[in-house]
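So, here come the structures, one by one.
Each of the next two complexes has subunit A plus one more chain, namely subunit B in the first and subunit C in the second.
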Partner chain A sequence: MESRVLKPVLAVYTLLFILFLYAPFFVLAILSFQSGPEGGPQFPIIEWSTYWYRHIFGMVPPSRVAPLPLGEALFRSLTLAFMTMVTSTVLGVMSAQAFRRKFKGSGLAFYLIVLGMMVPGVLTGLGVSLLANNILGIERHWWSTGFVTHVVYTFPFAFLVMLAILNRFDASVEEASWSLGVSPARTFRKVTFPLIFPGVLSAMLFAFTLSYDEFSRTLFASGRDQTLPLAIYGTFSVEIHPNVFAFGVLTTVFSFALLSVYAILMTLSVRRAKKVAMQEDIA
Partner chain B sequence: MSGTAVRQAPQQKSRSSAPWLIAPGVLWMLVFLVTPILLIVYVSFWTQTTFKIEPTLTLQSWQAFFGSDTYLNSLWTTVRIWLIVLASTFIIGYPTALFVGLFVKNKTLSTVLLVICVIPFWTSFLIRVLAWRPMLGKEGAINILLQKFGIISQPIEALLFTELSVIIGMTQIYVVFMVGPIAFMLGRIDPNIIEAARDLGAGFGRIFWKIIFPLSLPGVVVGAIFVSVMVLGEFATAAALSGRKVNLLGNIIVTQVGSLKWALASVVGVILTIVMGLVIAGFLRIVDLKREL
Partner chain C sequence: MAQGMNSQQPVFRLEGVSKSYGSVTALRDITLSVNGNEYISVLGPSGSGKSVLLRVIAGFDVPDSGRVVLEGRDITDVPAHERGIGFVFQNFALFPHLTVFENVAFGLRNGKVPVAAPDVEQRVKDMISLVGLAGMEGRGVHQISGGQKQRVALARTLVMAPRLVLLDEPLGALDANLRHRMRNELRAIREKLGVTFMHVTGSETEALAMGDRVVVLDHGRIAQFARPDQVYGQPASPSVAHFLNRYNIFEGELSGKRFTGPFGMIDAASVTPADKPACAIRYDRMKVEEEGTPGEGPAISASFVASEYLGSSVMYFFEAADGRVIEVEHHLSLGQPQSFEPKRRYRLRWKPEDAIVFGRG
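Moving on to the complex of A and B:
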C-alpha cells in the first residue's frame, strides 16, 4: 500500500483535526485571563489577570459588568442532575435486567426507550410544555416538567450502558446463589449488584453530566427559575464579557473533576474485584 | 432431577418479574415522550388567538406557516444548513476515521485517539458554541493569525454572525459523531481482504473504492443519522453564532413558544418531525443496518 506516504499524511491530518476540536476552547481559556473590568472578550490581552474569575465569585468591586446569576442556578442544576441521575440509573438497571430474558414486545420496548435519546430536545421540551401548560394546566418548574424531560433523555443512556454490562454477565453465579436457597432479592443485592457496579457507576456518570449540561429541553420545560445552562444562554443575546469565558473554564474543570472521581471509583472497584478473585484462588 | 427443578424455579420467577421490571421505564417513556409528541400534532390544529389558545380544530396555523415567507425560508435554511453540515462532517471526519480505524494498528493508540476526540463533550455544549466567538470575530484569533502571516490585509468580517459561522460551529461540535461510527466499521475490516487485494495488484485507490469505502458505509449511515437528527433539531448554535440572522425551524419554535403561540410552534414541531422521519428513512434505505451491524 502507499501507506508510506498516506499514513504520515493522515497522521498530520488527524493532529490538525484534534487542533480544530480543541482550538476554540484554548482561545477561550486564554481570554478568560483578560484584565478587567475594561478588557473585552477579544485579543490582545491587555494584561494577564484573574479579575474575571474573582468577578464570578463576587470578589471585585461592582462595575458596569453585572455579575453572572450563578449561585442559585448552580444549586438547581446540581439538584436536578442528582435527581435525574438516581431516577434514570434505577430505571436503567431495572429495564436492562428485564431484557435479560426475551419477553413479548421486547423489541418495541427497546425502540421506545432508545427513542428518548434520539428525539431532539426541542420536540421533547415543546411536547412536555404543551402537556403541562395546555392540557393539565400546571406551571412548569425545573424540578417537575424539567426533571421528567431530563430523565427521558438520560434514561436511554443508562439503559444502554447496563444492557452492555449485563450482556457480558455470567448468569451462572446467580444460579449458584439461587440453588443455595438465597432469595432473588438478596441475590441481586449480594451477587448481581456488586458485579454490575462498574456499569452502574458509568450509567450514573452519563446521567449526571448529561443532565448537568442539558439545555434545549430545560429551556422549554423548566419555567421561570433558571438552571446553569439557561443562565449562560441568557448572556448570549447581550454583549459578552470575559466572565462567561472564566465560567466556561471553571465548569470544564468541574466536569473533569467529576470524571476523575469516576475514574478513581472505577479503579478501586476493579482492584477490589481482583483482590476478591485472588483470595478465592488462594482459598 | 432435583437440580434441574431448582434451576428452573428462579428462571420462571424472573420471567414473571420481567413485566414489573420493564413497566416503570416504558410507562415513563409513554407518558413523557410519546404522549407529548402526539400532543404536538394535536395542538397544531388548535385555534390560536392573540391571548389564548382553544381546542377547536382548525387549519389556521398550518395556513399561517405555509403562507409566510419567513417560515418557509426557515424550512429551506434548515435543510440547506443540514446538508452542508452533513457534507462537511463527512469530508472532515472521514480521513480521521480512516487513520484511527484502519491505519493505527495499535488498539491502545486508536482508543486514546478516540477518547481525545470525545473529551470535549465533557465540557458544556453552550461553552463550546460560545468558544467560537473569540475565534471568528473581527478581532478574533483566526483574523489575527491570518493578518500576522500576511495572508490577508483586512480582517474577514464574514466569519462571525453569518451562516458560515453557524456551519463552522456545528461542524466542530458534531463531526465526532461521524468519526466514531466510521472508525468503528473500519476497525472491523479483516486485514486479510486488503492484503489479498494488494497481492492481486490493486492500488490503494482501487482498494479504497472497491473494499474499504463500501465496508465503511454502515458507519457512514449511522454517523449521518446522528448528525442529521442533531443538526435538524438545533437552535442554540444558530442563535449564538449568527446574531439571530440564521433562523432554523428550532429557532422559530423557541420564539413562538416565547410569545405563547403554541399552535404555530406545534406546526413547526410537526414539520420538523416529518423532515427528520424522511431523512432517517432515506438513510436506512441506503444500507440495511440490521444486516450489516
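Moving on to the complex of A and C:
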C-alpha cells in the first residue's frame, strides 16, 4: 500500500539527487569545448573546438586570456597533498592503534581529535595565521603553516577510517604471531599492517583528496605562494574562461582513469581467486 | 627423545593465580602443576574461566596475583613472544594473507633467532607432512577446509618446538565427524612429539577422551584435577557431576552420614566434602522396575516420558513428582531395551554404594 506512494517519491528523489550531482559537471564539460579565445563560459556553443584544452598546455598563440597559473600551483598542491597524506595516515594508524585499548582519558582524547574536523575551516585558517604572525613570529608558507593546518584537518578523517578498520580486526592473529615468538613490532609489520592495508589506502585517499582541494584553511594559513585551488580561484576574480572547465574535465578524467585501473586489477584478482577455488571443487 | 625421563617432572606450574575483569572474577587462586609429555584437558562450562586460564599462561593477559612458572623459570612478567608457549585458537587465527607454507614458516622466519632458509624449508616440510597436509603448501588458507585449517594452525605452532602447547577449544569449529577424527590425530601427533598439551574444552566427552588428566574448572576455581576415570567415577563436587552430564543429582539434607532426598533417607558409606548436600547417581547405575515390585535399596518413582536410541545404549527419560527429569541409561550389551508406557509410573532403583553423597561431612 504505502510503497505505491513511497516508491515513486523515492525514485524522483534519487533522480533529482543524481541530477544535482552530475548536471553541473556535464554542463561544464560541454562548455569546455566552446570555441576560443572569443567564446565565453555560457551557452550557446558558438563552435565545437578543443581550443581551451590546447590553451592549458600553452599550445595556442598568446591571446588576451592569460594561461592558467598551473605549473607551480599544481606542483605545490600535489606536494602538499602528498606530505599531508603521509603524515595524517601515519598519525591516524598510530593513534587508532592506541585506541584499541582503553586508556585513561581515552574518551576526552577521542573528542579532541575529532574536533579537528568540526571546527569551521575559516576559523582554523585565521587562527593559525594569527598564531604564526603575532605570537610565534614565523612566516607563513604552504609547506609550514599550511601543511600543519592540512594535517590538523585531515588527521581526524584518517584516524576515524583506521578506527573503523581496527574495530573489525580480529586480534587473535596478532596473538598467534606473538605465541610463535614474533615480537610485537615485527607482528605489526608482518601481520597487522598487511591486513589493514586496504584501510590504510582509504585513509590515504581521504587525506590526499581533502588536502588537494582544501580552500578555506589554506586561504589564510598558506601565505604568499598559492596552492592550486587558490590559484584557480584567483583567475575567477577577473573573468571566467572555459579553460578552467577544461582543466576540471582533465583532472576528472585522470581520477577516473586511476579508479578504472584499480577496479580492473581488483576484478582480475577476484576472478583468479574464484577460478582457483572452482578447480579445487572439481579436483 | 628422552620422553620417559622427564615425564614426571613438572614442566609448568601455576601458583595462586587470580584474575578479574572489573567486578567479574575469572580465576580464583589457581594452583596447578603439569608434567612433561602429558595431555591435560581443561573442562568447564562457558564463563568458568577456562579460556582466561590459557590466556594467562600464554601471556596474553597478566594475572592480578600469583606466579606462572615454566620449567623452573618465573615467566609471570615475560611477554608472550618470549615465552615459547604454543597457542592454537578456536578460530584457527591463520594469517589470511599467507599460504599454507608461509603460515607454518612464519615463526621460524620472523623469530628472534633467525633460522637458515634451507633449515626452515626442511622443518616446515616435515611438519606439514606430519599433520598430513603434504601437497597443499602453496594454497592460500581460504582454499582449504576447516579440518585442514586446524592442521595448519597446529603445524604452525608445533614447528616452533614449544615445550607446552595451549589449545583453546581447538575442535569447536569443526563438524562432529571431523571432530572425532581430529581427536585421535591430536593425541597421536602429541605422542609422537612428546610435547605437553593443555586442551580447553566445554565438551565433557572430549575432555575425558583426550586428557591423561582432566582439570575441571568451576567459577574460576579448580573443582577437580584427576585422571579421567577418577573424574568420571568420583566427581569431587555436585557441579563436577553436573558438568559430566552423566549423573542424576538430587538435593537434600545431610545429618551425620544420613542423606534425606526426594527418594527418602539413605545411609552414605562416605561423604565427599562439598558446600551443599547432594546425592549423585550415574545414569547407567539406575534400574527401572514396575511400580510395586518388591526390592532392596533406595528408589524413586517417576513417570516415563520418552526414550532415545544412541546405538550402543538407550537413554530413558523420566519425570519425578517434583518435575525434575531423571535419566536412565541402558547399555545394550547388558540386554535388550525395555519398552515403557508413556505417563505410567515406574520405580527407579539403585544400589546404595552407587550413590555419591556430597555435603559438609
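Before moving on, here are some points about what is shown:
What we mean here is this: the second predicted complex is superposed on the first by the 251 of 283 C-alpha atoms of A that agree within 3 Å, B and C clash if a C-alpha of one lies under 4 Å from a C-alpha of the other, contacts with A are read in each partner's own complex, and residues count from 1 in each chain.
In this text, a residue touches a chain if its C-beta (ideal position, glycine included) is under 8 Å from a C-beta of that chain, and two chains touch if they have at least 3 such contacts.
No experiment lies behind these values; they were computed from the predicted model shown.
Looking at the shared chain after the overlay, A:L115 reaches subunit B, while subunit C stays out of its contact range.
Contacts of A:Y13 after superposition on the shared chain: subunit B is touched, whereas subunit C is not. Contact with neither subunit B nor subunit C is seen for A:L78 once the two complexes are overlaid on the shared chain.
By the document's definition of touching, of the two partners only subunit B reaches A:V148; subunit C does not.
When the two complexes are overlaid on their common chain A, residue A:S172 makes contact with subunit C while staying clear of subunit B. When the two structures are aligned on the shared chain, A:N133 is found in touch with subunit B, with no touch to subunit C. By the document's definition of touching, neither partner reaches A:M266: not subunit B, not subunit C.
Judged by the number of subunit A residues each one touches, B leads among subunit B and subunit C.
In the superposition on chain A, A:P194 contacts subunit C only, with no contact to subunit B.
Applying the stated contact rule after C-alpha superposition, one finds that A:Y233 touches subunit B and leaves subunit C untouched. Note: residues 175, 178-179, 184 of subunit A belong to the subunit B contact set and to the subunit C contact set alike, using the contact criterion stated above.
Within the complex, the subunit A residues that touch subunit C are 170, 172-173, 175-184, 186-187, 190-191, 194-195, 273, 276-277, 280. Across the complex, subunit B is touched by residues 1-3, 6-7, 10-11, 13-14, 17-18, 20-25, 27-28, 31, 41-43, 91-92, 94-95, 97-101, 103, 109, 112-113, 115-116, 118-124, 126-131, 133-135, 148-149, 151-152, 155, 159, 174-175, 178-179, 184, 209, 213, 215-216, 219-220, 229, 232-233, 236-237, 240, 244-245, 247-248, 251-252, 255-256, 259 of subunit A.
Interface of subunit C with subunit A (complex): residues 58-60, 79-87, 89, 91, 93-97, 106-107, 110-112, 140, 142-143, 153, 156-157, 160. Against subunit A, the residues of subunit B that register as touching in their complex are 3, 6-7, 9-11, 13-15, 17-19, 21-22, 24-26, 28-30, 32-37, 39-40, 43, 46, 53, 92, 95-96, 98-100, 103, 113, 116-117, 120, 122-128, 130-135, 137, 139-141, 144, 172, 175-176, 194, 198, 203-204, 207, 229-230, 232-236, 239-240, 250, 253-254, 257, 262, 265-266, 269, 272-273, 276.
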